[in-house]
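Next come two complexes built around chain A: one with chain B, the other with chain C.
So, the complex of A and B:
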């Protein structure tokens, strides 16, 4: 049995890579993922990638930030020790707008960043998991899970037909630990 | 993907659209005539409405230049295929400027007598707070020490100087940019693009520093005892949002008529993002101005909001925030909403009404005060200026040699925007 774990089609042109995706899809070969050094317009729709849910996370973090600071200020300046600021009532709504606004943005920004790192396994000090290092430079990579997708030569031919400059049969998933 | 677009297509401005815009102009003339014939407080209302719409008209045309200038300076690709629309706004600016200057001149020359605090004085209909006779002459019975202290800015020669020089420079640069873009269609190459880039940089620098002064002069000086350094940026935000809303409406209208077929939901999405973002920016500066005044609570500053808090204006004061902040926030927040042309169209209509109200609240409390109204003068004057704007802009679009800048270096990027 073949030891190949992943088949990587390496392209030097995004249009050829898009053709490679079409070839695989026409032959019902499931694509594991695609790695490109730059964003390619329309690739999400072609691959059937669902819309990001990062916006929902942002909304929740924003609500959390607003609630946290509103509660702190309400407790300290209105409930626990009512403050007289410029003769205004201690619970005057316009006062509460600037810091609620700022903390909403602060929590949204940090929350989104942390959520994105968690979802993509990117943490400081952790080696990023990369299938082909040139995907961050000048190669457009289509990754196909070799398990169950046979025969491998047919997949190789489909990728070559589309204009792949190289097709790799990797025995391990990630190369970045080497 | 549609690969072939017919760029030789010309827009034809005829039929119902032309008739409706002419009917609008006639309605406007009727409304203004009605106000003058009714006499009394109505004359003040007509002048205030004329100033409002004259200013709104100039601001929308200015927003066209501003939009095309920052798109050229940012070397934006997405907007290349729709840039002829803001350029048409730019070409209308000289006419808008002349109308505004005529309105202001009439308002300054036409005087009436008012009795205030037992004193009867003759004041002009516009800028009565600083342009009345003898107000800065020591010893005069109209003498006002506060206005005397501001007379370096608030005097007729300087005021007209500001209006003519600023509007002249804006018009000159706006028309130059439009002309270079049209020359590019036949000449090709990068020379014209580079010239537009240079002119756009010059325009943005001049515009950024001078637009607040323009707003201080035309609108803020209606209540000359009061001032706010935020006022210029607040007006800049209002100008930008209403201008973007009008640009989006014109695009949607032309698309519904079957033109600009190369524009798709991605272009609308970008415009929607700008409208959404700058509506929030408008609220930010609006609140910043209100908040500082409210916090400091100094009588000479809070008088401005006190007048807008009186029963005649309180409801409108709150409606202003609902229309200009809450409506775009809720209607355009989601990604998909910005891509629906009907949703964007209705939001833009709400925003145009909202910014009309915004200007209404800047102008009316200082001129008509408690004799405010919302009927024939307001609605018909709006209809008149809307008709005039539509008539002039559509005429300019129809006259343009082509609906797209055919040799714009980023045209292909715009045609294949996100596709």
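So, the complex of A and C:
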């Protein structure tokens, strides 16, 4: 039995890589993932990846930030220690606006980005799960799980037909970092 | 593929023959992966000496108190707040480039956003040091936070614009840092995957385990777009709130409603000038001529010209309103600015900020690198004078003539200011050594769409309107990084 775990189609051009995806899809070869040095526009639709829901998270965090700071300002300025400043009302709403605005932005930014890091498993010190070291440089990589797929040579040919500069049959999933 | 083609009449955003993805990575990482050259060391030593002056001046200020500065009973704000507003303003260009230009789909931002954002962060650090130093007792800085305390609790004054400043500046700094660092992740991963040994370990930790997988990029782009969307109103709010520090007071010359838009325009103006100051040198020293092209330089000069004109209109409007309001204190404040003892500061401001940017109507000057660089320095000086004029000339003569006074800086005042420039440049020089000064991943996006090479291919393939090709070739003549001989035969 072949020891190959992953087949990597390495392309030097994003358009050829897209062609590689088309070729694999036409032959019903499931694609494990795609690693690229830059974002590829239009790939989500092609791969059937659903829209990111981070926007909803961002909105919720924004609402939270606005509520938290509005409550703090209200509690301190109006409820806990109201002051008579020239007979003007303590509940001076216009003064609340800058604080509410700033914390809406602050909570949106940090809440959303931390959600992104958590969902994508990004954090300082995480061992990089890298399949090919050039995927962050000049190679556009299509990774195919070798297990249970059609004959590996056919996959190689499909990728080569699309213009892959190299097809690797890797016995390890990730490039070791140690 | 057809959808990649951009109209031929648009100028290329990246020049150079035989550009490949690998070459982009190599060229941008050159300063990060190699020992620094002599120019860097000279710059670093000079900047570090400046930073040392800052350490000495700030230490004296903390040790002996604000008496080390030239402040007096009449002029209670001078070089410190001038420096603070100057630095915050400079920071604004980075956010404008990274956020506003992203929303408007201006792809020329791709090659300048990284260093401009870095500049934002370092400028805001410099600004924040002024706020803390100005407190006099910096160890009590936490008094600005609404923390429960044993005085009641006696809370912070939410009605104060200075309190709004605390929230605006801290949010601005932390969100800018987050935006910048998130954008850096893919590029740190590029360094990591090429490095060996300890370097690889360090960049591995910093890269957060970035892999560039499909879903990661998709989420990354969503996050970038939303961060850009929220940073845009944020950057406008920050300088609006900084202007509230003045506008909510009853001081003649400060108490005006024009301040927020006028300050924001001035901030963008000074920020772009600082971007020019830094990038024109960086481009040359790091050999980034193919990425930061004449198109970028000219576009930034156009923004400098536009915002300089807005600032000019604001200056004139202030004068007009002082006359139109018929408030004699307001009128005196402005007449005093132009003709009083600080007339030289006022006219320095006017000539540097209003008159000199108008020279950019000439395309020849706009495309001259030495001229652009010199003018960027002039604008930086002018914008410092603007804040000095607003702050000191308003304070030194207000309602009670018996309290009128002049402000004379001490060497500590000067040391803190010159020193903060040293701190800024030290941080910037360290940044270009350890992190990529151009966003590698974003520049790679331009290779097949907006590069000179892609357009050359389009021309060679034919099927283009000859008049449009001619127009394109003529637009290339301004680039210092394009060899026009290549276009004679095609």
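FYI, the second predicted complex is superposed on the first by the 171 of 178 C-alpha atoms of A that agree within 3 Å, B and C clash if a C-alpha of one lies under 4 Å from a C-alpha of the other, contacts with A are read in each partner's own complex, and residues count from 1 in each chain.
The working rule: contacts are C-beta pairs under 8 Å (C-beta built on N, C-alpha and C of every residue); 3 or more make two chains touch, one makes a residue touch a chain.
All values derive from a computational prediction rather than experimental measurement.
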{"item": "Which superposed partner A:86 touches (first chain B, second chain C, both, neither)", "value": "first"}
{"item": "Of chain C and chain B, partner touching more chain A residues", "value": "C"}
{"item": "Partner chain in contact with A:60 - chain B first, chain C second, else both or neither", "value": "neither"}
{"item": "Partner chain in contact with A:98 - chain B first, chain C second, else both or neither", "value": "both"}
{"item": "Doubly contacted chain A residues - partners chain C and chain B", "value": "42, 55, 95, 98"}
{"item": "Touching residues on chain C, where the partner in the complex is chain A", "value": "1, 3-4, 20-22, 25, 146, 152-156, 158-159, 163-164, 167-168, 171, 174-175, 178-179, 182, 185-186, 189-190, 192-194, 200, 204-223, 226-227, 230-231, 233-234, 237, 241, 244, 440-442, 444-445, 448"}
{"item": "Interfacial residue positions of chain A with respect to chain B in the complex", "value": "41-42, 51, 55, 86-87, 94-95, 97-98"}
{"item": "Residues of chain B that touch chain A when the two form their complex", "value": "287, 290-291, 294-297, 335, 418-419"}
{"item": "Chain C-touching residues of chain A, taken from the complex the two chains share", "value": "12-15, 18, 33-40, 42-44, 47, 49, 52, 54-55, 58, 62, 72-73, 76-77, 80-81, 85, 92, 95-96, 98-99, 101-103, 105-106, 108-110, 112-113, 116-117, 119-131, 133-138, 177"}
